[in-house]
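Okay, so subunit A shows up in both of these, paired with subunit B first and subunit C after.
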Partner chain A sequence: MSIATARRRPDWRRSPAAILFILPCVAVFGVFLAYPLIRNAYVGLFEWNGLTSDTVWVGLENFIWVFTSPAVFGTAVNTLVFGVITIALQMGGGFLLAVALSGPGRLRQVLRTLYFIPVVMTPVVVGFLFGKILEPNDGDLRNLLDAIGLGALNHAWLADPSTALVAVALVNVWLWVGFAMSVYQSALTTVPKELIEAARIDGARSHQLVTQVLLPFLRPTHWALLTLSVIGTLKTFDIVYVLTRGGPSGSTELPTTLLFRTGFEEYQQGRAAALGTVIFLVALALTIIQLRVARKGDER
Partner chain B sequence: MFNHSGRRTALMGLVAAGALALTGCAAPADDGTVTITYESWTPSQEVMDNIIEAFEAANPDIKVEAKLLPYADYVTAIKTELASGTGPDVFDLQAGGMLAEFQSLLEPLDELASAELGDDWAASYNEDALAQASIDGTAYGLPHGFQTAGGLWVNVSLLEANGLEVPTAWDELVAASSALRAAGVVPLAIGAKDDWMLIDVFSAMSNAVAPGEQYDAMEGRGDWTSDGLVASFEAFSAIFSDGVAQDGAAGATTYTDTFDLYADGKAAFFANGSWNQDMFVNAADRIGAFEAAVVQMPTPAGPAPVIGGIGGLLAVNKDGDQKAAAFKLAQFMSSGEGQQILIDGSLDFAVTVEPVEPGIEISDNAREVRAQLTALLTDHLAGYREVPDAGVKSALGQALLKLAAGTISPADAAAEVQAAAAD
Partner chain C sequence: MKILGRPSLLIALTLAIVWALPLLSLLNNSLKRDGLGNYAAVVQQGGVVTSLVNSAIITVTTVVAVVFITSLAGFAFSRLRFPLRSVSYGVLLTGLMLPAGAILVPFAQLNRSFGWGNTYLAVIFPYIALFFPLGLLLLKNAFDNLPDELFEAAALDGAGVWRMFRSVALPLVVPAASLVALWTFLSTWNEFLLALLFLNDPAVQPVSVIPLRFQQQYFVDVPKIFAALLLSQLPVVILYIVTQRRFNLGLLAGAGK
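Showing the complex of A and B:
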């Protein structure tokens, strides 16, 4: 008999006090998470403008729209591209910054603080800031490039459908790379000194220390950041809305911006609710997959 | 149906009770005064403060609490508040699709207006203005600020400095834009990230290329894929493909990207409506250096007419419990003393039959521009401004933005809008 099966299953009837202890948690979960989710899925079964009590039962029509609409498909592709760029650069950049800036020293401390500042700024402010910087006619970047004789490099980054998504993703990286850096920094403090010393005694060079010791050791941190980043990507709204509103030509449209437009500009709350439900289910599925993969990796 | 859910009703009741308890706006106070709430995206806080001060002086038994938000935030807030029964007593809506969606939440105003102003109250309003605040002949709000859109703002001084004249034909506009670019000047500043701006410009141009066909399509008498409207989409796309619009137009907002370019004297042309006159009041220090003018937008089919509409309509909450007081505020702002304060702040045109001119000192150039806009309104008004259906409006805005970015053909743009109209 394994240890797992040998555990006694709790008998709730014999310990009613236990139910009372978990009741607040269950109530909070039910009221603030389960109910809105179920309610949202239910709203997705109706045609509704979100304002009045007039609703029309449409069954799964809104969910079918989610899976057949070219606009929704476009947001899925954009999310994939946006996610790959932001997650790779945020995690990679965050790790490199953490390694480079770990250790004592006033300059390191100042730089760590500077890199972390964007994390505490609201994305709306960052959006306006970069909107002004990237404005192609009189923006700061254009004026800078003109001033140093590199005016030929000027480009309407946010207005060109072929560059807008990358530009928005890079702004998002600027915004969040400090978060990844701080997480990696915390994780680096848990690396045993003996491990580093042993690697050095074995002749490991700096890059080998990073790639063959630190990176594998920080695997749980990678997974945690990956999970947070994937969820963050699916939730991204404000920075995109301020910078491009999903345009031009839908080139930066993400599920959340499409949801907002559908629900609040086109007054199709049923479709928006269906889309929101699907976004949640996708996020849930991806998180479960990542956690399982991470757990298998740990077991090995 | 959702409102009939017992749990939801109870929850909303709890929220409403809590909100009322917190704001204390439901019942008259001990001294007999009532407090009403106002929400909108307009006017500015300073102008609103002046309106409240004048209104409370004229109505000492009514206090007003105003909340002003940026437009996008306002729409989200008002939808949520009204849906949960915690909406303000008086609020602003746009005519067209927005009015249609909110209709069942609005108090029909005939009874309140008759009680306050007499049975012939509607006669004091400009017929077009009141019609845009009405559905099937019933007023659901009182209009404020009549405006025109689709005209072309010109920096005459900048043109003259570059040896150019104000263009009156499409070829002249293209040639002037090319010359301006060569001189390092921004030609037409257009905030193409704003769907309302694109729709304004397109609507004006379509009424030059195919007069009346857009209205036929919007009202179900015609298709968006008609030859005339496809040609209109083509004319619109030429603004961007012929180098008339500024670089990166598809990523620019009117406020404040293109407004800044024009107000700072860096753009020779500016796509914006008559409400841009407020720059003579609110940005006088920036625009004093050049002479401004407003002309008809040149198109390949000749100069475009303008379209006209109300800046908004002041609606009374159907579920409010101070409807008479709420109506008084709406009336005060629409046609009473408050209209004068609004016009002084925005230089909009009156919505009343009786003309109301700004009561403040404005520059000679501001007077000239106002005269030009009045002439456009009088002699070249094609029709109303707001697209009646929210879905079609969104699809039209998206299609025009794709044209601006050059990622769709005019025929496909027309087909996308037609698909939304048929949805």
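Showing the complex of A and C:
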């Protein structure tokens, strides 16, 4: 036996201490995420008002409700519309802002800061603020339009079922565009200078540089943002709750607001628990699909 | 690096009006009627200051806990080898997909059985649970990106696993850890739903619940509500402006792997 093997210390990588390193996370996950999730799926099998200890076993009835109720179906449609508007504008706008504002200069720096400020603000506060701005009688938007002679454009945006969802989605874009901008901006700093210079030498015009060089180069960033945005859409609650509470007549109802209404205003905790379980599973499935597709693209 | 020229900057500048006006409206509404007197009134009521302190306590505790436990676990999942490593990592990350609203009912039950009603702990533990998965993702990626040679050299020096973590790896992931700290700070400070449901006593309520409380308290005195709203946003906006160089969100882009 050689001296080297005789003197070899145990591989630090295989240290049993690993368990201690992961234990805090695993414990928190087990008690405050896994247990609640399992418990939730179990509560979904009962009819329960959440207040008393009277529970009635109803089997899969609540889950059947989730998949057959027009209210839940409505939230799926709303989520799709809300998600497409938000994600398209947030990622498209964020990308263009990042390209336009990348580079040195005080003005660019100030604008980057301005666009990001809503991201750090409390969504509930943003909701209140826009509730006041969009208020139909004395809101700031109305006063502004009146002042510049465009009073004819005034509309009760949040009270009209045909415009409320779009209005809420646009507020959400105001809130989040800076996030996408910032992610793209960091990613743009990794684009090799030579790539841009070579494109310029080849005579690429600005829009060609953007669409043919930068967009494809940032593919991993698009996917990361898309995945985060889809999860973010499914989690959206605060801003809708404050602006419209899901109304008028369900036109802005999202899965989370419906869940809150069902469980904590109508006291049907069994149904709410079943809905919560399904929302989680949908988010999980969508994320796995996106990661698969993104990875396939990378291999090509 | 500058990519595009002036025309695009001009468009971004024009569009910035749409982003600036709502912020000005927040300020403007808070000064209507009594001007700065609105601020004096809401501060004297005491509620805002108490809420700011509550938010600070809840947020700092959550941030410290999340950074601590995710640095440890991120290091282990990245650099150590143990059974079920990638499976357990994947399972922990499913927490990313979980809307807080989906598990309100069991959270309420847990709080009841731990006797945490109307205490900071009623929200701190759920916050740690909800916000640690993103931190774990970012920190594991950061540990993954460190060069292997670094650890090989330290192993030749006979470094044990704790020294590998504490002296070799941890100092090099400070940028990622800072981002985790900042993002957890914002998520905690701005969280609304759990605070609304689990903290009913104004003595322990954080600032995110202020809008609803003040709506009842001041009802028609809208400028006072807006003064309180603006005060509640100052800490996060100032924190962002002071630390914006550390907001390297590019770290998130590598997170999709």
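We adopt the following convention: the second predicted complex is superposed on the first by the 273 of 300 C-alpha atoms of A that agree within 3 Å, B and C clash if a C-alpha of one lies under 4 Å from a C-alpha of the other, contacts with A are read in each partner's own complex, and residues count from 1 in each chain.
One rule holds in what follows: contacts are C-beta pairs under 8 Å (C-beta built on N, C-alpha and C of every residue); 3 or more make two chains touch, one makes a residue touch a chain.
In this text, all values refer to a predicted model and were calculated from it rather than measured experimentally.
In the superposition on chain A, contact is made by A:140 with subunit C only, not with subunit B.
Counted by residues of subunit A touched, the larger count belongs to C, out of subunit B and subunit C. Once the two complexes are laid over each other on the shared chain, residue contacts for A:156 go to subunit B alone; subunit C is not touched.
When the two structures are aligned on the shared chain, A:264 is found in touch with subunit B and with subunit C. When the two complexes are overlaid on their common chain A, residue A:50 makes contact with subunit B and with subunit C alike. Of the two partner chains placed around the shared chain by superposition, neither subunit B nor subunit C is touched by A:67.
Shared contact residues of subunit A, touching subunit B in one structure and subunit C in the other: 43, 50, 264. Remark: subunit C residues 1-5, 8-9, 11-13, 15-16, 18-23, 25-26, 28-29, 68-70, 72-73, 75-77, 79-82, 88, 91-92, 94-107, 109-110, 125-126, 128-130, 132, 136, 155, 158-162, 164-165, 186, 189-190, 192-193, 197, 207-208, 211-212, 222, 225-226, 229, 232-233, 236-237, 239-241, 244, 247-257 touch subunit A in the complex. Those residues of subunit A that touch subunit B in the shared complex are 43, 46, 48-55, 131, 134-138, 156-161, 164, 244-245, 247-251, 261, 264-268. Contacts from subunit A toward subunit C in the complex involve residues 9, 11-22, 24-26, 28-29, 31-33, 35-37, 39-40, 43, 50, 96-97, 99-105, 107-108, 111, 113-125, 128-130, 132-133, 140, 144, 174, 179, 182-183, 185-191, 193, 196, 206, 209-210, 214, 220-221, 223-225, 227-228, 231, 234-235, 237-238, 242, 255-256, 259-260, 263-264, 269, 272-273, 275-277, 279-280, 283-284, 287, 291, 294-295. Considering their complex, residues 1-4, 75-76, 79, 82-83, 97, 101-102, 104-105, 186, 189, 192-193, 246-252, 257, 260-261, 264, 266-267, 390-391, 394, 398, 401-402, 404-405, 407-408 of subunit B touch subunit A.
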